[in-house]
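Since the structure comes first, as structure tokens, the remarks are kept for the end.
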Amino acid sequence: MSSKTGKNLKLSLFGESHGASVGCLIEGLPPGLALDLNRIEKVLERRRPGYATFTSARKETDEFSIISGFHQGKTTGTPLLAIFPNQDANPQDYEKLRYTPRPSHADYSAFVRYKNFHDIRGGGHFSARLTAPWCLAGAIAEQVLAKEGIIIAAHLKQIGRIEDLSFSEENLNPQVLSKLKTEKLPLLKEDLREELIAYLNKISASNDSIGGIVELAVLGLEPGLGNPIFDNIESRLAYDLFAIPGIKGVEFGSGFQVAQLKGSQHNDPWFFQGDKVKSRTNHHGGVLGGITTGMPLVLRVAFKPTSSIAQKQETVNLKDKTSAQLLIAGRHDPCIAIRGLPVVEAAVAWALADFYSSKQ
Amino acid sequence: MSSKTGKNLKLSLFGESHGASVGCLIEGLPPGLALDLNRIEKVLERRRPGYATFTSARKETDEFSIISGFHQGKTTGTPLLAIFPNQDANPQDYEKLRYTPRPSHADYSAFVRYKNFHDIRGGGHFSARLTAPWCLAGAIAEQVLAKEGIIIAAHLKQIGRIEDLSFSEENLNPQVLSKLKTEKLPLLKEDLREELIAYLNKISASNDSIGGIVELAVLGLEPGLGNPIFDNIESRLAYDLFAIPGIKGVEFGSGFQVAQLKGSQHNDPWFFQGDKVKSRTNHHGGVLGGITTGMPLVLRVAFKPTSSIAQKQETVNLKDKTSAQLLIAGRHDPCIAIRGLPVVEAAVAWALADFYSSKQ
Amino acid sequence: MSSKTGKNLKLSLFGESHGASVGCLIEGLPPGLALDLNRIEKVLERRRPGYATFTSARKETDEFSIISGFHQGKTTGTPLLAIFPNQDANPQDYEKLRYTPRPSHADYSAFVRYKNFHDIRGGGHFSARLTAPWCLAGAIAEQVLAKEGIIIAAHLKQIGRIEDLSFSEENLNPQVLSKLKTEKLPLLKEDLREELIAYLNKISASNDSIGGIVELAVLGLEPGLGNPIFDNIESRLAYDLFAIPGIKGVEFGSGFQVAQLKGSQHNDPWFFQGDKVKSRTNHHGGVLGGITTGMPLVLRVAFKPTSSIAQKQETVNLKDKTSAQLLIAGRHDPCIAIRGLPVVEAAVAWALADFYSSKQ
Amino acid sequence: MSSKTGKNLKLSLFGESHGASVGCLIEGLPPGLALDLNRIEKVLERRRPGYATFTSARKETDEFSIISGFHQGKTTGTPLLAIFPNQDANPQDYEKLRYTPRPSHADYSAFVRYKNFHDIRGGGHFSARLTAPWCLAGAIAEQVLAKEGIIIAAHLKQIGRIEDLSFSEENLNPQVLSKLKTEKLPLLKEDLREELIAYLNKISASNDSIGGIVELAVLGLEPGLGNPIFDNIESRLAYDLFAIPGIKGVEFGSGFQVAQLKGSQHNDPWFFQGDKVKSRTNHHGGVLGGITTGMPLVLRVAFKPTSSIAQKQETVNLKDKTSAQLLIAGRHDPCIAIRGLPVVEAAVAWALADFYSSKQ
């Protein structure tokens, strides 16, 4: 019923993959913010098919217009609407797909939810195309946060059997994070790149796909941000992150590893570094009791393998109530974690900027 | 700023561990619902210290009064307020703890957030004591859902090195789920019980604690419940679950395991079982595109080890800006996942009942 | 910070008078609603300058595109975005007006609120042009309500010294209400029309403007709709109505006249008409305790005189901090109540449709 | 469904007139606010039956307890719960009233809305008793606003045929406003008091009641507070004010009088008073485009005559579907505007404090 998130800084996404446009409505921006459109372009570029070689074939240019709330190069403070016209709308007869839901896609649940009135072309409102305006919003949020000295970056922690290093005291610094944002395949372990490319090529060649884990860190967050119980940092971030297509898990700090840790291992001792309170370890991932501690915020999300694979799959015919087979043609992302990574950054930026705008 | 969740069925938690009371305000209940107070008592009992032997020493009786919205044994439809008076309020001088934050507790983040005006006694508003009224709300929600034929139950999937079975087609039925709700240590693998008790005793004896994973399943959910993008089932459940003290990870279906799965392995083929659409496997965990598919909803949450351990720990003195040491006396839960389990059930029940009440 | 209203049926307005477009984002519509675009056009026509002769000279065609949430002639149930491109964008140098706020306009308050970053062209985001998409939303809501047998119509109760009849038992029927919707100057007292036209011409000729009162009635509302205290029918309607530019008062039933009534005069006796409960009089205006009674909902709103008048006015220069004079050129509506009337109907339709969509 | 208002400063009211308690849950208060309990008592006293001689006979002492969010004399910043136990709960058999709705009360609409499961004793959740905790919230809000130099006061503008002066430049100063707050019958025209008392005695003696108008002013508001369109000052104040039992009209500035004003009369010319922008007249009542101008905020609300009168009234029997007669025994307020006046002040204080807490 709602495609909106945020308390004081509000984001609504709208549109369908093959309709006129997708876009976003943003409310609550401060007036007078000079938007860096190049920076927005750069974020969009990272999300774009083809950018990192291993992405789907759809030609999207992600051109957008800011329709309102933006005047003489600056935000006005009134609602900002951005529109991304769909340029590659495919005339293909999607209607025949209406009754044969693709496995692991939202086709069947949408069919029931919307009583078969949904726009199914290219996934319609469920398409990952809606993450383009989300990235625009995130890029604006990153500008807001940059003024507070906050940096957000992510890397590909794991793709199938390929595992990158984890964020740790050694690599959690602005230099490493900034470098990650310039890379097509952001990795901490530099020499993993070729192996990863070969692996993705192999997956692709076998008409298959693979899942992945994205790890993200935020540096520069002040302590004391957030709230206890429901309106806490982890709840809000998880709420927004699970809205990204394909994410099936979210964890903070040591995450699911905590199940194997003793309190004596997991508790992070406090100490003073100058006049700042720090913890010697960071199992808590920068948040305690739903409120930031000033330590780096660290989280991980799991992306399922791309649902569209060029293999014959078993499904049903919802009209005839019979079994059916389905082959999704075309070339697909072997791993949505790669294009999903900048969306994860955008989602985190947006939610944190909202917390900053809600500070009293 | 907000201790509230829900759209049409709204829950607000209030109170402090050693203040006058904790409690909840519930809005949006239908009028005329006959509340089964015994059932509420039973849920509260499972959350209570001492119930499963391995819990903290605080004597809580969890007695509560329903102050409003309840008349002649039934809900009126107007706001329902329930209050749990604090009976074990400890006269101990908590004030000296104000400046020596306990590692892995919210003491330091709360100190900054509330500018040292928070009630620190027993964790104050951050105390797990606030999950008692949440369980009451959950028990009411379970009554609402039971009318739709919905059953929710959880088990201890993992505690330290002890691992239970996972939910699977074999055990995902009402009988198994109902049985889990009667057990002090809900496990799928019956013969694990003694080993687990011995393990917890050992942890306890070493003045330590251990983390754990709770796995939960929901049977009977209709397909088509939820929404795309932000207001989806997974986002909302994660939002509520991360509000439970100690949870550091939430995953649905195959969760973080998806990183190692290929699309051809992960995609769940559709088929007709009678006139119902089912999937042969359930990697998606009952939700696709944020909307239920009618398959069992399966999720897991990770609880960190109890933060309070009776060992000397390193911390700081926030007043003097010096380093300090801290020993938290008393007997503590060796594993908060055990008492947390009924809270996980309550949180899921509440959120799903809200989705049902928002159906058009 | 928010240009949005509604709980389950949500409306956001965006845009600036002389920016690229104005428009609305609508969330929460049911899927499968066949939109009657002609009906929408007709509502927009009534709001349009020039329609009733006595309106401003700006050429607006109110052409709009539905960008999303609408597929094959029907709503999809996902967010519906409608855009009204601005076709009469005036190249005039509005910038010189930035520092000389027009009396009775929002220029000065917007200057402070938005730190002078607002788009001032034609009133920017404060322009009555934003009521065009609101009328579109209202027309959709009227379709939703028509299915429940609900009719909404308004008339010009008073303009300056010209007074129409009031709604009463004699004229509160579907025939009269339907007729009102076809009239350029909706009046209950037919022979008032020429006098009103002459009066408006006289006002116009003197470069002045005049205030007015619009009275609205809703027939067919079921009893039991609404809520006590904050989320009540009157609160919500007043909230939305005061968002219409120029409205300075809202009253229900006998409104401000109640100050002179005794309880014995004001109390409306109940009786059975067939098996329906009715009241012999309707001083309460169809709402008691915030909840509908099934009697006609009757309300009145007061529109201030058009703020733009072609007379020299005293103001200040905000830059130089000096006094200044201002003459607003052009031809203006002599009375905004006339164009405001369909917006009042739209606002009421929208709010009531939201209540219907929130019914459990 | 919701008994809550506010964006960042949230107020929920709960309870029933003859249940265990009424009370309020307040979220969003800053930590460290020293609450002046005497001041709260004083506000409650003004709302109390018997205070101004002309009020109902129910003995309420309005004793309250603050249960949470308040520690060592100061707010903690976490949710504050205040409870007012009902001490005069009447054992009278209200059940026989369940089917004979009192004219002008919410009995019938509540019967339909809550399917006859509502608590009808003393009006239940619809009782004006719920305005006691609202006054507590308002008193806290007034403390918050006082720090910004803001004063709020109201007077009895009209009761039946008795009319007081209006707020004007002559009397709109802190001295007059402060004096109004000390009076049992706040009036601008001092020599009206005895006439008013005699009039009220006469109304009372005839077992009747009378309506009234309360006029309120706010001094010290900064310009630039509020928002265009929906989240504007007038909309929000009207939303909260219409939630006060018995209010049937709300108007700002010149209100319904604008219908008779020309633009040349109504437009308020701007000028500089020192370095502050002021308007020579204040027809706009301190708000333009939904945003404060820095001029005094002036509003009026109309209270209907007390619905309970000791006269035989016509009604229906909802069970038997027959006509019935009803006599409400006891002594009642002749005019609810008198006890309603401090609630109007509280409601305005609360809403404005919320706007201040939402400022960025």
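Each chain gets a letter, A, B, C and D, in the order it is written, and its residues are counted from 1.
Everything below uses one rule, namely that a residue touches a chain if its C-beta (ideal position, glycine included) is under 8 Å from a C-beta of that chain, and two chains touch if they have at least 3 such contacts.
Treat the numbers as computed from the prediction; the structure is a model and nothing was measured.
Relative to chain C, the chain whose mean Cα position lies farthest away is B. For chain pairs B-D and A-D, the one joined by more C-beta pairs in contact is B-D. With centres defined as mean CA coordinates, chain D is found 26 Å away from chain C. Computed centre separation for the pair chain B/chain D is 40 angstrom, with centres defined by C-alpha atoms.
For this pair, chain A with chain D, the centres built from the Cα atoms lie 47 Å apart. Multi-chain contact residues of chain A (touching two or more other chains): 1-4, 8, 13, 78, 113, 125, 228, 358, 360.
Chain B contributes residues 1-4, 8, 10, 12-16, 19-23, 25, 27-28, 31-32, 65, 67-69, 71, 74-81, 83, 113-115, 117-119, 124-125 to its touches with chain D in the complex. Listed in rising order, the residues of chain C touching chain D in the complex are 1-5, 13, 101, 103-106, 108-110, 112-113, 125-126, 130, 158-161, 203, 208-213, 223-232, 234-236, 238-243, 245, 247-272, 275, 277, 279-280, 283-285, 287-294, 300, 302-309, 311, 313-316, 318, 321-323, 358, 360. Across the complex, chain D meets chain A through its residues 8, 30, 78, 228, 357-358, 360.
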